[in-house]
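Each of the two complexes below includes subunit A, the first together with subunit B, the second together with subunit C.
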Partner chain A sequence: MHLVKEWLQRPYVRRILWITVAITAVIIALSFVMVAFMNQSGGPASSIMDEIEKTMFVLTIACAPLMAATLAVLTYSWWGGWGSVAATDAPTEDGPGIKTNGVAVVTWITICSLLAGFLVVWGLVELATITSSSYGSVPANQQPNSVKPVDVNVTAQQWLWSFEYPDSGKITSSVLVLPVNVPAYFNVTSLDVVHSFWVVEEGVKIDANPGAITNTGFTPTKLGTFNVRCAELCGLHHAYMETQVKVVTQEQFNSWIREQGGNKTS
Partner chain B sequence: MSTAVAIHEEAHVPQPKQVGRPGGFLRRTNFLTALISGVVTAGVFWVVTDKITTAVAGAGATNSMALPSGLNINITMMYIGWVIGFMAGIGAFAGPIRWFLGHDLTHADAEYMAGKDMGREKFWKFTTDHKVVGIQYLVVTLILFGFGGLLAMLIRTELGATWTEVFNPNFYNSIIGTHGIVMVIAMIIVISGPIGNFIVPIMCGARDMAFPRLNALSIWLLVAAVPPLVSNLLMGGIRDGWTVYQPLADQAPIGMIGYQICIITFAFSTGIASVNLITTIVRMRAAGMTWSRTPILVYGILGSSIMGLVWFPMYQYSQILALSDRTLLTSFFVPASGGSVWLYENLFWLLGHPEVYVIVIPATAGMLEYLPVFVRKPLFSYRLAVAGIFGVVGLSAVVWVHHMYMTGWAPQSNYPFMLSTEMISIPFSFLVLVVLGTMWRGKPWKRLPMMAVYAVVWNKVIGGITGVFLSDTPVDQYMHGSMFVVAHFHYMLMGAGLFGAMGVTAYFFPKMIGRYLDEFWGSVGFWTAFAGFQVTFMSMFVAGLQGMPRRVLQFDSLFNISNWISTIGAYIIGIGMLIFLYAIIESWRNGIPAPDNPWGGKTLENFTTTPVPHENFPVLPVVTSGPYDFGTPDPYELADDAIMQQTEGAEKVSAQS
Partner chain C sequence: MKRALFAFLTVLIGVAVVAATALFVSRNGAEPPTLAATPAGTAQTASGEVKHATLELSVFPNASASQPGPDIPTSTTTMVANAQQWPFYSPSTSIQLPANALVTVTIHQYDTGGQIYNNWFAQPTGTIDNKMTVDGKEVTSIPPANVAHTFTIHQYPESNEPAWYVSVPLPAQADNAANEANGYPKPIDVTFSFMTGAPGNYVWNCEFPCGTGYVQFGGPMSQRGFMSGTVTVV
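And then the complex of A and B:
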């Protein structure tokens, strides 16, 4: 305790701590800016995207003090807080011969390990949460939800998406239409190369692999039109392989199904 | 006296008989003969293969499936012919052939091959001297960076011109792939090649690398590997990004074969160089250079070589299998015939991730090497730095699946691989503490290498926090395949790797070239590039957060502003790098001559003359102290002692009273 008190009284330690506090504040402010950018195109539109943005916040805020401390020492040394030798001169005297410092090493390793441990635990819990929100690999008809989910077979090919609604007869659409607040469950595959099914504002992404079916899902919570993009380079017109997801009310969805000639509404 | 007698007696051991003049066949080979031989052999291979495939087809191969596409086989054989012919033309096979004929290499032959008393022509030959190989690597690296940088400018031009397609999609996709792989190759060799070959043996106190001829083989294999890759742009391109995921790569034009031959050859080059460096470091350190007195750069190169040696073959296999799918119509990666795209992705990322550390670790270790020299303090917690390096080397083996979180290959594996990926930040944090602890209370000498440390740590902090986001599977579900990833790995590979390499090169430049790197133009170039870098990739982070996928050439107008800013930044990087290149060339020719110990360091390379003589040291050095024994007694510790004494005294006094 005596040592810590003495250490905190050193003028440069105090200055570095103040710089750390200032930079921490800046980083926390930046985390809001980051999430604002993520929401620019209308998100978050599902509980999964909410969780992703919350995780971004938590990770940034958890890491902020350590990042700030690193940058603070860097800044202090840079501005010549401990003095400096101009490029045109040559150093004439040696600095203090600090070879190591047990307290500093143990403290640093402990803090970093605890931080990494926290990040891991938070990540694992969040992963479990979003996996259950996207129904993991549980087939739609075995979902525990009280609402019957909308099944959609997503087929990717160079360079377009097609969405089939197996519950409603053989309806196929190039635009994904989903009813709001009803879980949607996707069976994703590809006819040729690897694509990646990215529903941007819903925070969902899964590769579309040839010869295999992958699954994901989400519950849209916001009415509106959002983006579906291909997130895996799939050849010449990869850039143009995008479509829209229209989240509509249940009534609008039912009438859309009928317009398409579907024999049954979900 | 007895030792001298022993040496004297050894002189009587019969030496192999000198056949012809020293050097023999190698007297006639150089880069030009290699080029000619390569081109001719490639042509011969093409013609012969073409004849054979036509003959087989003509002989009535009834099953068309049994006859692979003739053009693919011809091109493959042509490239193989190029590599073999080039290596034969440079003289790489002279040693084994002479041994086979019973003509062992004599001492005179070895000295000729090491370029003794040879002028500048030794840089164009199969020269075994590690200093020559180091300079050759430096020049090849600069050329690769120049080419990759030019492609980067083209990419940013396309992305900045949001209103039109500047290039057609095929060419655009090919340049993003070629830019990626050229830069990855350049970054892998940028420290381990020039510095690892030139400086590390001297730093270890050795006369040369453990296997000098393998050393020459590794650089010339690299030179042979690059033209097939570059030629892809003339042969339909590789429109698949640097990862060339299957089965998309199977659709690509014949340019893809150039990529595959390049990687297969380059993997041999890397493997040979790694074996050489590991052996040199483990076996040939000077007397007295214990593992506690070995400079940290040597540890960094050792760790990086181990990773390269262990993991590069995975990438090589993936390309051999892909080439076999293309030419022999196997179906390792063809889902329609029972192959697996996930097999390719796994093989690729088994190298793909450790390769990041192959790049970052030597750059980091290089900075730790010179940081004590510029603050005149010991390296803080040397053992923690070594632990950090080997912690990263160990964990790098078990993180590759974080590139495959969203592939659907094994969703359950996302849990353990998220764990291992987050854990790798702990050994990295050791290295951060070492940097901060060394800076702590030191007076920095504000020369370019020192300033590069500040720049690189800044970049690493940003690359680190964004890496924390990406290693987290939920966040990666949004970020994967977006521009955010591109910005993140540029912060690590370019921000930490390349800017670090610029600092390390500036530090070792006087020892390697004999002249200081021009401080003014070097700094101007460095900081211009650094400023441009922040602009480019900060705004690329924004594009990624907004939801822009990577590897696109046209996009939603939402992303326009961030892409315009990015492109302006990229041009600033280009200008900065050109200035830095000017500084290198100008200093190489007319720089200020460097003394034997250019910066006042304590590692062994500072105890030989500049320029370094043939065989490095007149007498092999003996190491008696650590490499970072800088520093005066710590005034605060003295003060602490004084306080303790006072307190003890006071206690005694109070006890007495």
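And then the complex of A and C:
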């Protein structure tokens, strides 16, 4: 312990630590700005996106001191904290060999190991939570939910999305409409090249492959209009391959189904 | 001094390469001349009296002496020359429509076709009452196995412009349809109307796989000026 105390007494260590604290504060402040920027379009709109944002926020805060320490050493060096030698006074002989700094090495390895362990555990827990919320590959009719999900067949093709509601008279729409607080389950496929079904504010993204059906799902928790985009470069109008997801009340959803000619609602 | 000169020259060469690339892409990516809808007075709609405009387009299976092909800039002459057998919309794929107006479009269809990938595109969507007329007869869909092309408008990304979606299928000519004096069969005339909203920028493209390459979405389907273009609502 006295070695750590002695190390902390060194002027350069204290200066670098202060710079680390300052840069950490800036990074954490920026992480708030980043999350606010992400939510400009109305998200998070599902428990999945809540978890994703929480994970990004926690990982940013956890890693901030490490990044800050690295930048602090760099900044200290740029400012000439270690001193400098004029070109005219260049030494003619080698200086003493650099000795290892046991305290610094042990501290660095310990902190990094603890951080890595934390990130692994947090990541596994969040992955399990998100997979559970998006139903993984378990069919909708085998879900343990008491609420019957809305099944939607999502078809991607250059450069449009179409959404079929098989339980509502197989009506089809260019806009995804979902009732709030009701699980939605998607059967996703493509008719041509590989696309990616990305429901931005709901935090769900899955490949749309020709000749195969992939599955995902989420429960929208917020009323509003959000974005569906293609997240896989797919040709000339890839950048235009987007549409909207409208999250409405159950009553509005039922009305919409009837307006589209559907013969029953979920 | 020598180091500084080399550094300056390196940056200069980099700037020149970027500028040349931008110039090349700009010249070759240029759109055909804008085709504006023709004002046609006013029309009564469910939302009251609105401006009315008309637009006339044709779809040809390939360029010919009577139809020289898309009017795209001369810098792409080689590409166009190699593409004379591509189908194309005429007279332009850069379309301009009035905002908050009823627009009536007539498309003269000269091409053959086949089975569309997604049957949903065999029905008009986003038109008035989701209907269209084929040679004067009102329909709400056409056989999915007999589609030549579609005219499908969708919205522009990353914008606050209102979502807009209009899609109309165009029936195919019979494979043995006799050609007339202009080298093409008698056209199938498809007419439909839709309402435009607030000013905005959109794109349109054909959803029938009529191009070249993998799943027939290359060639004319991947080059503006042939089977895809822009819609500007002003």
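Here is the rule we go by: the second predicted complex is superposed on the first by the 249 of 266 C-alpha atoms of A that agree within 3 Å, B and C clash if a C-alpha of one lies under 4 Å from a C-alpha of the other, contacts with A are read in each partner's own complex, and residues count from 1 in each chain.
We adopt the following convention: contacts are C-beta pairs under 8 Å (C-beta built on N, C-alpha and C of every residue); 3 or more make two chains touch, one makes a residue touch a chain.
Keep in mind that this is a model prediction, so the values were computed, not measured.
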Subunit B and subunit C placed together on subunit A: clash or fit? clash
Discussion item. With both complexes superposed on chain A, which partner does A:229 reach: first (subunit B), second (subunit C), both or neither?
Written reply: both
Message: One more residue to check, A:239. First (subunit B), second (subunit C), both or neither?
response: both
* Using the touch definition from the top, say if A:157 reaches subunit B (first), subunit C (second), both or neither. => second
Worksheet item: In the superposed arrangement, does A:11 touch subunit B (first), subunit C (second), both or neither?
Response: neither
Inset, instruction - Using the superposition on chain A described above, determine whether A:174 touches subunit B (first), subunit C (second), both, or neither. - result: second
After superposition on the shared chain, which partner residues are touched by A:191: those of subunit B (first), subunit C (second), both, or neither? second
Max touched-residue count on subunit A (subunit B vs subunit C) belongs to chain B
Clashing segment of subunit B (vs subunit C; choices 238-246, 580-588 or 598-606) is 580-588
Interface residues of subunit A shared by subunit B and subunit C, listed 192-193, 210, 229, 235-237, 239-240
So, in the complex, the side of subunit A touching subunit B is made of residues 3, 6, 10, 12, 34, 37-38, 40-41, 48-49, 51-52, 55-56, 59-60, 63, 67, 70-71, 73-74, 77-78, 80, 82-87, 89-91, 93-101, 104-105, 108-109, 112-113, 116, 119-120, 122-124, 126-127, 129-131, 136-137, 188, 192-194, 196, 198, 200-201, 203-207, 209-212, 214-215, 227, 229-240
Seen from subunit A, its contact residues with subunit C in the complex are 155, 157-160, 162, 164, 172, 174-175, 191-193, 210, 229, 235-237, 239-240, 242-244
Residue set of subunit B touching subunit A in the complex reads 169-170, 173, 239-241, 243, 245, 247-248, 251, 335-336, 340-342, 374-378, 380-384, 406-408, 411, 414-415, 418-419, 422-423, 425-426, 429-430, 432-433, 436-437, 439-448, 454, 457-458, 461, 464-465, 468-469, 471-475, 477-478, 480-482, 519, 542, 545-547, 549-556, 558, 600, 630-637, 640, 643
Residue set of subunit C touching subunit A in the complex reads 117-118, 120, 125-126, 152, 154-157, 163, 165, 167, 203, 205, 207, 209, 214-215, 217, 221-224, 228
